[in-house]
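Okay, so chain A shows up in both of these, paired with chain B first and chain C after.
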Partner chain A sequence: MSGHGKRVLVLGGGIAGLYAAKVLAGHGTAVDLVEKSGFLGGHGLQYGCKAGAACEKCGACTVEQILADVAAEPRITVHLRAELAGVEGNGRFSATIRQRPRLLHDDADLAACYKKTGGQRLVVRGWSPNNRPFYAVNPGKLSEEGGAEKVLGLVEQACPGAAAVDGEEAEKTLPADAIIVATGFAPFDACKKPTYGYGKIPNVVTGLEVERGLRAEGRVLRPSDGEPPKKAAFIQCVGSRDIALGNPWCSRVCCAYALRIAQAARYKDPELSVTVFYMDIQSTGKSFPAFYEQCKKDLRFVRNIPVDAFPEQGGRVRVAWSHPKTGARVEEAFDLLVLSIGITPNPDNAGLSRALFIPLDADGFFAAGDGELERAATIRPGVFVAGTAAGPKSIPASMAHAAAAAAEALEYLKEAS
Partner chain B sequence: MTRETVGTASTKTISLSTDVLVLGGGYTAIKCAAALSKRGFGVFLAHPGEDLVHPAGPAGAPAGDWEPELAELVDHVRQDKNIIVFDRARLKKAAGMPGDFSVTLRKGDADVVRTVGAVVVAPEFDKKSLHEKYGLSLSDNVVTQSTLDAMLEADDPVLSGKGSVAFVAGFAQEGTTLLVERVLTQVRRLKKRRSVDVYVIIGNINLAAEGLDRLYAMAREEGALYFKLNEPPEISQDPVLSLVFRDPVLRRKMLLEPDLLVVEEQFAAPEQNRSVARLLLLKAGPSGFLQPDNVHFSSVRTTREGIFAAGPARGYLDLPQGFMDAENAAMAVEDILDEGKAEVPAQTAEVDRDKCAICLTCFRVCPHGAVSWDDKAKISPLACQACGLCASECPQEAIQVHGFSDRELEGRIAGAAKDGAEAPTIVAFLCKNSAWPAWEAARAMDHPLPGGFKPILVPCAGEVDVDYILDAFVQGADGVLAAACHAGNCRFHQGNRYAARRVDNAKRLLSEAGIDPQRLAFARVAANMGVEFSRIAMQMHERLEKRKKT
Partner chain C sequence: MAEEVIKLGKKKQSTLKDEIAKLLPDGGNLDLCLTCGACSSGCPATGIRDMDPRKLLRMASLGMDEELERNPWVWMCSMCQRCIYVCPMKIDIPQLVYNLRSRWPREERPKGILGSCDMALRHDTCSAMGASEEDFQFVVEDVLAEVRDTQPPFKDMEAPIDKMDADYVLNQNSREPVTEPDEMVPLWKILHIVGANWTYASKGWAAENYCMFLADTDAWKHIVEVKAKAVDDLNAKYWLNTE
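On to the complex of A and B.
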């Protein structure tokens, strides 16, 4: 086995980090998997199944599977609530990890505490039973209450014995023979497109919110009344291919998820009418031609990106666009408006770039393999990049990239020894 | 080369060949050969061409800045002593199992037989001209993209006389990023030569690939004009070459009379795929690619262990993606052929040689090509994925899956069905890869589940025998549920189809026996959908409750 006796640091516990860790461990390598949040799984674990009569190939269920594999893998050590503080060495690294405290006692009855505190308020739970531990302190509450100590007090008050005494941040030093950066992306902040009224109009939602709803409820519902919409619209390229915003890139996943969600919702409610506003429809894989043909029959496509959305009575959203043929202003009301937000660079990239001495590209993603044939290598030997940290990718593409990063890392370990 | 592995008590010693056959003569195949050789494997690189050459036929996207690197790679592979290149060679025959495939190559008019441990299929795309779909005939001023490539390569003086060039693309096929990349690259090469007016009339701009958005931005800056249309332009070749269409931006009719019209080509799955799939017993996917369109077949995996598909063999992938595949294929080969990996997995299927009537049902149903035979059926422990399809289809009941034998299942069914719950008892056969984790998620998320719900783990819903279902009723179950994944999601290719069919059969048998077939249900649920699982189980519970009352 090529990776025996070696240790690799993987930064990021989304699908790319999980898959890279799994592949490395499968080759005998010990892995330290460092995740900033309280749960492994990243964005992919929050997505719902979009199958209708048949699987629509979104890959969300594979994240669940890979997470289960990682949870069962003894060669992988998981560090949750942890971030890279610094790296020393060259070729063989020594990484310092800063880890926030867990704040909860694992032997306390956290399920009871979760229920007692109203669920998803003071204590939150993971997206999957493979999230271990399954319960964590709500990170939102930490910033709201202004620190760990306050929150500890609240936990102890509500559920005696559940709060951990140790509330201090800890630093750990981890030796690493190679590093894989798989820190993922940030979803585009839809508030940066204010004319769509996101955050102000109740039934204007983002694609990510619909995904989460699909995962939790199994359906697409309106936030205002929890009812399924009868007439929905998707606006594509929100935050992508937008020069004015400084986001010229195509996010490569939004067409796929929007069309799949639309078809999944229509499978449950064939009466649902869906309009898709778009510039170009991006292909999604081998079966795309047939899938898109079906979509053209079932959905209404308008080749124009709307400029405005307004609230209307009954929770409806009025959308205005210019007619693609005549240029005339058209307005129409929908029960639900989905903004197909894209992938933007993780705001941590700049700091990580400085800590690791690896450059970012013009868009702010890691410049791994830009214009190169080897797509996971960076300019620094021993440091590799996987997944959306290097640019927008789907779940399967992130997995392929992560496998390539693991393969290149294993080659590097062999040569370095 | 052969590597011996000594088994532990539960395994037998299997000798594995550490030679690998790579099929294809393009850069993906060449890169794969190099990656395998680097990992210490011997490589037979077989391709139909005259010689391994640079430039080899890449994915179609011109190699551009990578020229020197690719030239070096080809040179390196030609000199590598671990790589034996067979020119003018095609796969003619194949047999055997992972670690021990016997492959026959047709080289010229001779057959060459080799033993290899694994096979990587990595041919290049076939490019097909689509001019006929536009009703055009090729001429001096109507050419294919390949012809333009050749003209550019040869610096053809004819090009100098062409003051304006138009491209049509994306109307005769659903475009791909490969098509857009090729058009943009050709536009840039034209613009680089001399001042020429370039018009691109295109359906969709497919940009969802690494670096393509930037390429598009550069190509636009360099001054070509792009018209994105929903309908194809009207093209006439007689008396003069002309294109008529409506400009969607200016909203008026346009007439172009270019000196040269370049018509799109299609990147089609390699022609070789078809024969290779037949010879290697692979279940091919859509559009002629060698991988089912199934999210569980990640990266280079095919339906068979030890056989991998890289680059254009498996999908619309560009050269860098082909290179990633080459690395991943080499790593996957290392995974199965490396020492210690030859141990028989604990969970596999065994044939009772006394019962086997060698009807070969198992050979036909096995999605993994794991069954061969001497005087009885044999299952390769390396190829077997322990899905249990063969076990449940075997008419002699001669095959048992370790941990899921008929006897073990009978015990579990009896235990579940007899449980004296007050609520209706539902014996639920849950697929390990979909319904079982969905049930676990439902529990963890506190979604409601019926009081009499009794789950039984199965390796694949396709392993559920009609006998198991009937047995559950005989043992006292009020209802039986078989839960699988969605169509096109089965890790074992199509176990879910077998499951659905068997439930139908069982329903018919129940009807004939006077038992209400509504007590049996088949459901599909994804691994990550606890909420759906809960809904399915509760609906079944309510149905049974209602039945009990009436």
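On to the complex of A and C.
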């Protein structure tokens, strides 16, 4: 398999896009890696290490390593703050990329500005120092109406000369012999399950927020007072396996991340008690069943999904459920309530599907050409899909799918030449 | 391989579950249960008389009709429908409760609900408390007169009965005119302030429908028809029922 002299466009700079790019580059293929946000790494880079006494193989650190490899790989050209606008051609593609104005800044200047203006969130920090630049003007604020001028004005006011915009939004054309779609997922919006009070009760948080906290602080802390909880609860399947929401799928990652976070937190604080409300535990994957057996000893499992959360004094959250054996109503307060939110399709999928002429499946993820088998080839020759863009996956599963996408793309390039 | 064909027990002719499946779109989804228990967590009647919605549905799904026959828990349910609201699979447990209720001999159903339904059937007002057209008219006019006399901002407020061609026909729970007449006033005030063109109807004015809770389908239907006819007879555009 050789991709020498060929050029592949990879859409999305999360773990699937990064790994596909790395594999392709390793076979001598030039890669354009296009990422919508200001940083590479995607969701995977936001997750914290869940090791206790030993590594629990969650894969979070792998993202960091692959990111460093990609940053050091000369065959990969990274385009940040860029999106696919359209594709022409068949077999040999010509992709139009919409590039937001480049921001000129020195990382050290923005670092100083980040410290100075912290509360205003004018400047944000990436998730890994392997990701250069590490600091950026907040892309969320830049994309608001009239945002760029306003935000850059405020940055200039607070930290003169720290950042400047270079030119206008522009389109550029990239030639591509193949395309890999690795645009990832959207975390389930917990506000869509309103009875949990997410966004209203301070200590009701999502699994993703706990992951970010674990990465930043190395611990699980309560948002209300920054203290470690003494008593925490997880509610599983929030936004997954739910036809009322139109999300009938299992997200495949929530059981593993919830139990690993719980055990990592208990390793730091053995006094912490953790309750897991669940319907059934998907203990799939290598070594996970053994880990689950240990969890059964260390954690309290309640086979009942609560539906109500109420704020109590002291920042506690009261939860009600029906006792799995007696049926009786039980109420108990926790210091922290974690909603194990799942994986949903990226809202950009519909637009990308039209631009690329590749269909989505009934759930809104990209469909593989062979239907159920989760290969990477789509129905359009030369266009492949990798990672959670094609459906829920863990970090290792996303990497395996990305490697498959790269291999199928290389095979295609060989046949095409 | 076994020598002989193994015969499983004969499937029952028609179980409760089949009955509901025939009645509802998508069969009421009764087979989709993930047994997550969200219904039981959200149910105000959970745990009473050793029963909860999850257990009830499981028993019905397993064809345990006999065990569910005459289970008193079905009368603890308030028909609030919270179980279906929180269910990730949209399973219609309230319909299951309704069908179980309807299997009770009518005279053995709870006295309070039974009496209220029978009372409503006795009058064209559909009032479960037996309030007549004249009683209702007297109370409404009396309360209105007092508000108009004592509260100047509402001196022109109206609470019409049997006004033709109004936009809305409003029903009123019997409890207010009979026991808490002043409780009718806040809604009148809102309707007055927004300038709504509304009326009560002397026939079928009572909002409550205990025959539905009694699971007496024919009586339930009759009550709805009386109220709907009153709306049509007054040539109103909308029927407002707050129950």
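Criterion: the second predicted complex is superposed on the first by the 395 of 417 C-alpha atoms of A that agree within 3 Å, B and C clash if a C-alpha of one lies under 4 Å from a C-alpha of the other, contacts with A are read in each partner's own complex, and residues count from 1 in each chain.
Here is the rule we go by: contacts are C-beta pairs under 8 Å (C-beta built on N, C-alpha and C of every residue); 3 or more make two chains touch, one makes a residue touch a chain.
These figures come from a predicted structure and were not determined experimentally.
S.K.: A:S128 in the overlay: touching chain B, chain C, both, or neither? Say first, second, both or neither.
M.R.: first
S.K.: Quick one: name whichever of chain B and chain C touches more residues of chain A.
M.R.: Counting residues of chain A touched by each partner, the higher count goes to B.
S.K.: In the overlaid three-chain picture, which partner chain does A:K57 touch, first (chain B) or second (chain C), both, or neither?
M.R.: first
S.K.: Touching A:R303 in the superposition: chain B (first), chain C (second), both, neither?
M.R.: both
S.K.: Should A:D242 be classified as contacting the first partner (chain B), the second (chain C), both, or neither?
M.R.: second
S.K.: Would you check which partner chain A:A85 touches, where first means chain B only, second means chain C only, and both and neither mean what they say?
M.R.: Neither partner.
S.K.: On the A-aligned overlay, A:L410 touches which partner chain: chain B = first, chain C = second, or both, or neither?
M.R.: A:L410 contacts chain B only, not chain C.
S.K.: First (chain B), second (chain C), both or neither: which does A:A328 touch?
M.R.: second
S.K.: From the superposed pair, tell me which chain A residues show up as contacts to chain B and also as contacts to chain C.
M.R.: 241, 279, 303, 324, 326-327
S.K.: In their shared complex, at which residues does chain B touch chain A?
M.R.: 38-39, 65-66, 69-70, 173-177, 204-214, 217, 228, 230, 248, 251, 285-287, 289, 291, 293-296, 298-299, 315-316, 319-321, 323-325, 327-328, 330-331, 334-335, 338-340, 433-434, 437, 440-441, 443-445, 485-489, 524-529, 531-532, 535
S.K.: Which residues of chain A touch chain B once you look at their complex with the stated criterion?
M.R.: Interface residues on the chain A side: 1-2, 23, 26-27, 45, 47-49, 51, 53-55, 57-65, 68, 125, 128-129, 134, 215-218, 241, 248-250, 252-253, 255, 279-283, 285-290, 292-293, 303, 324-327, 369-376, 391-392, 395-396, 399-401, 403-404, 406-408, 410-411.
S.K.: Show me the residue ranges of chain C that touch chain A in the complex, using the header's touch definition.
M.R.: Against chain A, chain C makes touches at 32, 34-38, 40-43, 46-47, 50-52, 54-55, 86-90.
S.K.: Quick one: which bits of chain A touch chain C in the complex? Just the residue numbers, please.
M.R.: Spelled out, the residues of chain A in touch with chain C are 195, 237, 241-245, 279, 303-308, 320-324, 326-329.
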